[in-house]
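What follows is subunit A paired twice: with subunit B in the first complex and subunit C in the second.
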Partner chain A sequence: MTVLQAAISGALAGGLYALMAVGLSLTWGMLRVINLTHFGLILVGGYLTFELATNVGINPLLTLVVTVPVLFVAGAALQWAFDRFGLTEFNSLLVSFGLLIATIQVVSNVWSADFQRMSADVNPYATQSLRLGPLVFPAPTLLAFLAALAIVGGAHLWLQRTYPGRALRAFAQDRTIAAAFGIDHVRLGALLGGAAGASAAVAGMLVAVDRPLTPSTPFEWFGIVFAVVILGGIGNTVGTLAAGLLVGALSGVVATVWSPATSPLVIFSLIIVALLVRPRGLFVRRVT
Partner chain B sequence: MTLRRGLLGFAALFVALALLPRVREPLDIPVSYLVFLGLIWFWTAQATSWNILSGYSGYFSFGQGAFLAVGAYTTAVLAGRHGLDFFLTIPIGGVLSLLLALGIGALAFRLRSLRGEIFALLTLAVPFVLASLALVNTAIDGGQGIIVRLPSYPEFLGSFQDLVYLLFMTTGLAALAVAFAMQQSRFGWALFAIHDAEEVAEGLGVPTFRHKMIAIGLNGLFGGIAGCIFALQIGFVAVQSVFGLTVPLFVIVMSVLGGRRHWVGPLLGAAVIVTLQDRLSASGFEGWSLVVLGAVLAALVILAPEGLYARLRRRPLPVTAAFVVPFVAFALLGTWGDPLDWAMAGMLAAAVVAFVPSIRWERRSDRRPGPAAAEMSPVPASPVTPAPEAADAVVAALSANRDDDASPDAPIVETFDVTKQFGGVRALQGVSFTVRPGEIVGLVGPNGSGKTTLVGLMSGTLAPTSGDIRVGGVSIVGLPPHRIAHLGVARTYQIPRPFASMTVRDNVAMSLMFGRSGLSLQAARAAAAEHLELVGLTRRADALPSEINLHERQLLEMARAVAQRPRVLFLDEALAGLNPVEIDNAVTVVRRIHESGIAIVVVEHLLRVVNQLATRLVVLEQGRTLAEGDPRVVMREPAVVRAYLGSAADA
Partner chain C sequence: MNKRPSWVRAAAAIAGAALVVAACNQGSASPTPTTAPPASPSATETADTGASPSPVAPSGEPIVVGSTLSLTGAFAATGAIHQIAGEQFVERLNANGGLLGRPVEWTVLDDESDQARVSQLYERLISQDGVDLIMGPYATPNILSAMAVAERHGFVLPQHTAVLAPLLTYSCQFPAWSIGPEPNVYVPTQLYEAVASLPEPPQTVAFATNQNGSTDFVTRGLPDDENDPDARSIATEMGLEIVADIQYPPGTTEWAPIASQLQEADPDLIVNNSLGVDTVGLIQAMRQLNYDPPLTFSLFPAPGPLLGLGDDGEGVLSVSIFEPNDAILDQYGPEVAEVVEEFQTAAEAAGLPYTAFETQATASWNAWEILVQGVEAAGDVDHEAICDALHANGADLTFSGQVTFDPAQNNFWPSNQGLKQIQDGDWVMVWPDDRAAATIQPVGN
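Then we have the complex of A and B:
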């Protein structure tokens, strides 16, 4: 039973990783930008939620009214800048690494390097949980899971059904031809970058609700989030969600059966095996 | 010769720098400067070791922290906990870090689909895994941190700070000497070629896997050794102080700032960044130094990715003056700051002079017609045909060089009933094909008939689904492409793929170094001249590939292939996109290559060219051999006519 509980809690927590990963995966797959600053946006989102909830006294969920537009603009501006300077995929990795470090340091200068946590009276979710028989679902991870479902599902439908979504997919497949058909990739790119920023705001809010914040937390996400991105298939929304749940469940089980410290080792060994066997992600159909 | 002289220079520099602690007191140099210099040497060692892998070969690693940490923890655990002599822990830490590096390399470089981005992300994860291991494992750390005590050492080495300085300086200088020696020899050039076009490098005989492994090994070795000394310097090793992303940030910023293609780059970068860091914290901006560094990295990658050293070379006097003038002015005034402040002011001025004007210059050059426009010109500005007698001499020299170990009539390349399947598509269905010495075989057929697949199989870039391929009687199935190149196979690419950062001459020299001649860098550069003469590119020897037109690039492809000293050369649509004048010139060059004793397989759509050149014709259709024989006879066969012109023409 503990293993089942661990798997379910892990999978729910994996929703948060999927949420963090989906923005990264889409900008990588569609726009050929590896945006490490995405982690910085999540961090800023978390701290903004903390600040608004603590000092203004509003419900953490309501802080999204402020953080989503702010980070949408930040994400769009970032993507516009990547485009403006015509960065290659690899250089975008370097530039955004520099920006990430700068962001983390700014956050640390503003909010100090100590742990910050919303007090229980502004954050009612931290202590709540849902019971189903012997199984327990803590409210923060449940929220994360639901948000991941909604956002990844929404992104998937947006890409499949709407004009901007289709244009983006066309652009991802062949930039030159797409441009010849009149697709304005600068505006579409900024739109997708903004959407990724908005998803970072939601992810940041969920992080702030669930656990204490410290400026160096993005480093803890790196490995597992990129694992989710690569295993899910770069640019593949549904694959990212599935990979997030899978990796989450797996690390939950490993942490319970062995010890929490071995779970990164196991996860990374699996990633390396997956890269050897399925370099284009777990769920991609074989294209010849 | 330059290599030996350079290494002697390093030895002399070592002696001079080692004397600094001796003359420190008589010259009244404060100890803080020694610490400062030691720090520069520490980062020089880290950044140079990183640059050997990531700068030279282009595989960016974010895992430098792992090497530093392995070294630091080796010293901390062995010397701090178990009382082993500190000096013994240095080689142990270096070797452990080396082994870690080789482990990472053995895994990552075997991934067939490894791209630079994936390698970067893999290495990003390594320090986190190790950090979590160290945190829980009480035999390593357990979350407490470890104190490293002062070791006993011979008294003549001076104070503790003198010792640390000497150790850092020795490591940094050794790393620099290795990076220098690599740049002056075949080894570094193999890495440069991997950086520019890895698959091409492998195809012309560079054992790429081995070179990448040595590069990552050196990265780990020096990173680990410097880490051991770092543990001694900080005195207390904890997970937070040795893992983390500031280490990769620092080495990447330093190398990108200084320049990644030259061994001096990381040294320059380390000097600037350490000074900047030091001055920022001295002025109370400690919390902002990472913000500045992050911003500097982002700005550099966008504005000046080639780094300070390249700019310095282009305008050495103004930059030096911009450094010296403020430094001397402040020193003479003596009203503000200490020498490090003056140096900082000088560096900032020098950086402005080095970078700013060239930004403006690049903007202007955007508007000028680039090489793309040059390709459009219908006729090359000046025909590149060499003087015939000079070329004949070259042909004679080349054919005299030929060692024909095999008997003259034994086939060079044979394929036996080869098939190749891509998913559900059967590109080749049982082709048997032979090339004998002295032949020019024309390989023709409609689009999709399997010509390029066959060339890919015979040069080892593709593996057959079934059947056997032999070169000089040796089966090449499963051999890495560089081994096949060494058996005497060379090819050109349909779209020329030169090494973009090397001059035309050095492109050819790569083949002479790593092909069947195996010359040294100096010898290869000298010998490249005659191959350039053969194709008529002598005038363009010092141009970069981006500066020559399509025809010249195709000739460069041929020169590079011939310089491998192959027994057979595959020309894969080497004349595509040329105008009639250029085609005639290229045909002359192909003839000349053939006269030098190389069998040639011409894959071509232009039947006029094939008919002129080929001694034998092989026609492929839908992955099968349709006809074979004398060109004039074969081209009249009804089946061939049908394949080319459709069935209506047959009726």
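Then we have the complex of A and C:
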């Protein structure tokens, strides 16, 4: 039962990884931008949630009313700027890393480098859980899992069923041909960048609900989130969710059965093996 | 295809490179000097900073003290405390006549919590900037880096917080927060003695240990010495049954697996030899599993977030060398109360979420007093003389009393570290009895 519980807790936590990863994956896959500033947007989303809940008294979940539009605009503006300067994939990595560091410094200056955590009276979710028989579903990660399902599902449908989604996929496949058919990649890119920013707002809120914040937190996310993006297949929304759940569950089980200390070693070893076998990701169809 | 002109791409590449370079150098290039010789010292400003109160304003060439602190990166939260305490000390020192009648200027460089940068920056401070004195950085790995440079140049190094006493072999490094020469014995012994005084003492114990050097050392002793006593062997000696022994890597954020294992082991006492917010995550995960955490000890926590747990944090124990509880402040007198209040004001202004003058700030204050008293005893900024004077005379510390430095013990003086506990939403000194503001309580009281 302990192992099953660990798998469930891990998979739910994997929902948070998927939520963090989906915006990064989409902008990388569709727009050829490796946007490390996405981690900065998640961080800002977390701190804005903390600020609004602690000092304005808004329920942490309702802070999305403010943070989603704010980070949508930030994400769209960022993508517009990337496009305006015509950054290559590699240059986008460098520039967005610089912007991430700048964001971390601004957050440090505004909220201090010390740990910030919503107190129990403004954030009752941190210690709540849903119980089904002997199994426990912690509220913060359950919320993350549900949000990941909704956002990934929505993004998948948007890409498959709407004109902007199909246009983006066409643009990702062949920019020249897509442009010849009149696809406005600047506007579409800004829209996707904004959507990624909005997903960062949701992820940031859930991070703030689940754990204390420090400005240097994004560096803790790099390894696991990139692993999820690559295992899921770059630009593959459903694959990203599946990879998040898989990595989370596996990590939880290894930590319980073996040791938390060996969990990163086992997980990243498996990821290396998986990528050697399926270099384009576990959830991408083989091309024959 | 990309039809942007080449100059746009070049500009973007340059901007990207510049941002990265700026990021890598941020905060470290420009020192933050603290020059605060005041207009005139007040007769009432005679708080014991280690300096002799003087009615004369300091004059002449400033004595420059150089140091690094982790103003960004993983250690920045605590680095900020040391910065505020150090600035406060220097300001008061200058207000009371300075050092040897000269004003003191403190130059702080940001080491970005990077051990490698610490070495480079101390080398720069001593070799290029020509500082007169140095003060240690924050966190054990950084202090070890700084110590190597200090030893090479023969500089005296007062240091705030290094725990790995056996590794601090330089005879002119002077610890300001001593957990004794064997922290791996002192900390667990004191904890087990304290909890044994409870009406229903714990019978079983579980360990959850961060694999960081400082914390793992307390649980497991020195890695190359199987016979080195540690928290586990001492627990067994004192009749506690070990029901779980879990290690986790630094940076762990998923606590559910550890909480599950602790729930299954069901100990009476959890010893979480941890850093930062580890214990917050652990307690939260235990509560999510509907498992009421038993009596829990947290080795080196960030104090504020644990208080933020509300009722779930009640009863958590940790180590402390000073807590600003009313009963404690009464023991120290009005000058210490003034220092505590000043620090709180400065910390609030700096936006720190937890502003109490507690262990870290106390360690900082001790370190500055050691430096100042060494220089005053030597009568000159001569490192050999300062080092000899500190070995000969020790130091009289406002918060820790008279301490002596024995090179045979790596200058680690007999510890005055005690235990604090969260009671009614605040940290309260509870052990040992003679320095306690309240008695230790079981969980649920």
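One rule holds for everything that comes next: the second predicted complex is superposed on the first by the 288 of 288 C-alpha atoms of A that agree within 3 Å, B and C clash if a C-alpha of one lies under 4 Å from a C-alpha of the other, contacts with A are read in each partner's own complex, and residues count from 1 in each chain.
In the analysis below, a contact is a pair of C-beta atoms (placed from the backbone, for glycine too) under 8 Å apart; a residue touches a chain by one contact, two chains touch by 3 or more.
Since we're looking at a predicted model, the values are computed, not measured.
Taken together through their common subunit A, the two structures put subunit B and subunit C in a clash. Looking at the shared chain after the overlay, A:A274 reaches neither subunit B nor subunit C.
In the superposed model, A:A172 makes contact with neither subunit B nor subunit C. When the two complexes are overlaid on their common chain A, residue A:F222 makes contact with subunit B while staying clear of subunit C.
Of the two partner chains, neither subunit B nor subunit C is touched by A:V238. By the touch criterion stated above, A:E89 is placed in contact with subunit B alone, subunit C being left untouched.
Applying the stated contact rule after C-alpha superposition, one finds that A:R117 touches subunit C and leaves subunit B untouched.
Taking subunit A as the reference, the larger set of touched residues comes from C, when subunit B and subunit C are compared.
Residue contacts after overlaying the shared chain place A:A261 against subunit B and subunit C alike.
In the superposition on chain A, A:A102 makes contact with both subunit B and subunit C. Comparing 45-53, 99-107, 135-143 or 189-197 from subunit B against subunit C in the aligned model shows that the clashing stretch is 135-143. When the two complexes are superposed on chain A, the residues of subunit A that touch both subunit B and subunit C are 85, 87, 91, 94-95, 97-99, 101-102, 104-105, 108, 216, 220, 259-261, 264.
Within the complex formed with subunit B, the subunit A residues making contact are 34, 85, 87, 89-91, 93-106, 108-109, 216, 219-220, 222-223, 226-227, 230, 259-261, 264-265, 268, 271-272, 275-276, 279-280, 286, 288. Per the touch definition, subunit B reaches subunit A in the complex via residues 60, 62, 107, 110-113, 116-118, 120-122, 124-125, 128-129, 132-133, 135-137, 244-246, 249, 252-253, 256, 287-288, 290-291, 293-298, 301-302, 305, 422-425.
Those residues of subunit C lying in contact with subunit A across their complex are 1-2, 4, 8-9, 11-13, 15-20, 22-23, 26-27, 71-74, 76-77, 79-80, 113, 211, 246-249, 251-254, 256-258, 260-261, 264, 276-277, 280-281, 284-285, 287-290, 302, 304-305, 308-312, 350-354. Of all residues in subunit A, only 2, 5-6, 9-10, 13, 85-88, 91, 94-95, 97-99, 101-102, 104-105, 108, 110-121, 126-129, 131, 136, 138-141, 175-176, 211-212, 214-216, 220, 248, 251-252, 255-256, 259-261, 263-264 touch subunit C in the complex they form.
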